[in-house]
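Look at the two complexes coming up: chain A is in both, with chain B in one and chain C in the other.
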Partner chain A sequence: MTQVLRINGVEREFPGEALPETLSDLLNALEICHATVVAEIDGRIVERKDFVATRLTAGQAIELVRFVGGG
Partner chain B sequence: MTPVFFELKNSVVGVAGLGGLGSNVAIALARLGLGRLIVADFDVVDTSNLNRQQYYVDQVGMPKVEALVANLRRINPNIEIAGHQVRLTPENVPEIFAGADVIAECFDRSEQKQMLVETVLLRMSAPIVSVSGLAGYGRSNDIVTRRLSSRHVLVGDGVTAARPGVPLTAPRVGVAAHHQANAILEIMLDNGRKRVNRSWQ
Partner chain C sequence: MDRLKIADREFISRLFIGTGKYASNAVMSQAIAASGTEMVTVALRRVDIENENDDLLAAIDRNKYLLLPNTSGARDAQEAIRLARLARAASGIAWVKLEVTPDPYYLLPDGTETLKAAEVLAKEGFVVLPYINADPILAKRLQDVGTATVMPLASPIGSNQGLKTRAAIEIIIEQATVPVVVDAGLGLPSHAAEAMEMGADAVLVNTAIAAAQDPVMMAAAFARATEAGRLAYLAGPAGASRQATASSPLTGFLRGS
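Then we have the complex of A and B:
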């Protein structure tokens, strides 16, 4: 069965058992550094310290705002 | 007093970080006739800052807070300024920026940007205007202002990090800083319209 997450407004399919278990796993799969991203799941901010403990379920809407250096 | 001037005179803006972004944003806000500014930075002015930040050669070695407050007062002596020479943390951000109608994220390092945006969105009620992606030169029109939610506006091209060979330059940092100041102005004037509408109800 294919499961779906909506990431920054775009649906992303994960076939079979491939849905990342946690928000941290998703960021690793996307090669996004944890320290530079503000994450929101279904409209709620997830603190960076909770990325590893935050489990994902199919159908969630995830917003990831990435910051690059310079100012 | 025109309604716009009145609204700005009664607005409070917090500026976190007084480098290329923060020093330019604060000066734009001072020229607008803002009522009160809360500015915070731990650093001192370095010669390497002078290529894009609003300081002068004779201010090298001064705390940025002290130098910028002096420069802002020369532009607009009527502005109320609270300066904090401190390293911002999740613990002190809500206290330092208490009462701000809008907060400008003007840090250099991406981890600091993340920390401030997360802290403001979680622990405060004011909106935040942050920046990601302003290094290099050219491509002015790749720098955009996007409203991500009712409380978060993001400026920048989203990708161009400062790194060896891709320096921070006065023009492109200035483009981003003024996007930021312009977004803050828009938020302040929108707040004003909401207040007017409420008083009519």
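Then we have the complex of A and C:
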């Protein structure tokens, strides 16, 4: 069965058992450095220290944001 | 020593720098260093998952420069509050440049939504630096709900038009009990000097430096202009008059008998 996460507004499919277990696993799978990112899952902020302990479930909307140049 | 105090922080430099629009992080780092600033603004955006780009924060020494995350992109109070909370989680500090700009053409700030967001964020313990139109009444309302500064615009963001709102900013400076930071539209060092001569507490500059042919040199120019304007303000400018008043003595001329 295919499972879906909505990441930064785009649906991503994870076939079979491939859904990352935790937020930390997801970042690793996407090759995104933990240290510079902050996340929001279904509108709730997840602090960096909680990435490893935050379990994911299919259907969640995940926002991954970071600082960029701005005025 | 002349220092600027915002919330619990003291600043020697009265020039704050935006980090947008630089050709590279390396040029940005050098421009920040040349400006002598102690606070730089940053924006919060979605990670580009397909294109892992380089990390802005690696180019900013956070022991030297306080990060001031902005809420750019927010179109109403709710979006601004959400961005501010995310920025706090990302930066670990609760300073925020509050900006709510629903109009995409002139990027003018929405005062009503800014005030709403400021009230919520100040109650949550944020140090709120709101970007506003040069509206003295709004400035008062914001300081009443606990903002750490007010930041009236000189002219539209990135327009480099200079102090188009001078008369209104003078009133804000006269009445404000929190520091007044002139933000947006300062296009030349002389504009920054003018704002500081008027008694602004600080200026915030991005495009004028980042888009200059030599951003590092322009950053140095803004640093000197900001300092010169501040010194002139503290020195107490001599008054202007319509008629000439001689600088040299009016006696002892070499003429007549």
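Just so we're on the same page, the second predicted complex is superposed on the first by the 66 of 71 C-alpha atoms of A that agree within 3 Å, B and C clash if a C-alpha of one lies under 4 Å from a C-alpha of the other, contacts with A are read in each partner's own complex, and residues count from 1 in each chain.
Note that a residue touches a chain if its C-beta (ideal position, glycine included) is under 8 Å from a C-beta of that chain, and two chains touch if they have at least 3 such contacts.
Note that the coordinates shown come from a computational prediction; the quantities given were computed from them, not determined experimentally.
Participant: Applying the touch criterion given at the start, work out whether A:47 contacts chain B, chain C, both or neither, answering first, second, both or neither.
Facilitator: After superposing on A, A:47 lies in contact with both chain B and chain C.
Participant: Taking the superposition on A as described, I'd like to know which of chain B and chain C A:67 touches: first, second, both or neither.
Facilitator: Both: A:67 reaches chain B and chain C.
Participant: Taking the superposition as given, does A:32 touch the first partner, chain B, the second, chain C, both, or neither?
Facilitator: The second partner, chain C, only.
Participant: When the two structures are overlaid on chain A, which partner does A:1 contact: first (chain B), second (chain C), both, or neither?
Facilitator: Neither partner.
Participant: Applying the document's definition of touching, compare chain B and chain C: which contacts more of chain A?
Facilitator: C
Participant: Shared contact residues on chain A, chain B side and chain C side combined as an intersection?
Facilitator: Residues 33, 36-38, 45, 47-48, 63, 65-71 of chain A touch both chain B and chain C.
Participant: Could you pull out which chain B residues touch chain A in their complex?
Facilitator: Answer in residue numbers: 17, 19-22, 106-111, 113-114, 117-118, 121-122, 130-135, 148, 152, 154, 156, 158-163, 168, 173.
Participant: Per the contact definition, I'd like the list of chain C residues that touch chain A in the complex.
Facilitator: 18-22, 28, 41-47, 49, 52, 55-57, 67, 69-70, 72, 85-87, 89-91, 157-158, 184, 204, 206-207
Participant: Which residues of chain A touch chain C once you look at their complex with the stated criterion?
Facilitator: Those in contact with chain C are residues 7-10, 30-33, 36-38, 40, 45-48, 63-71.
Participant: Please output the residues of chain A touching chain B within their complex, sorted ascending.
Facilitator: Touching chain B: residues 33, 35-38, 45, 47-48, 63, 65-71 of chain A.
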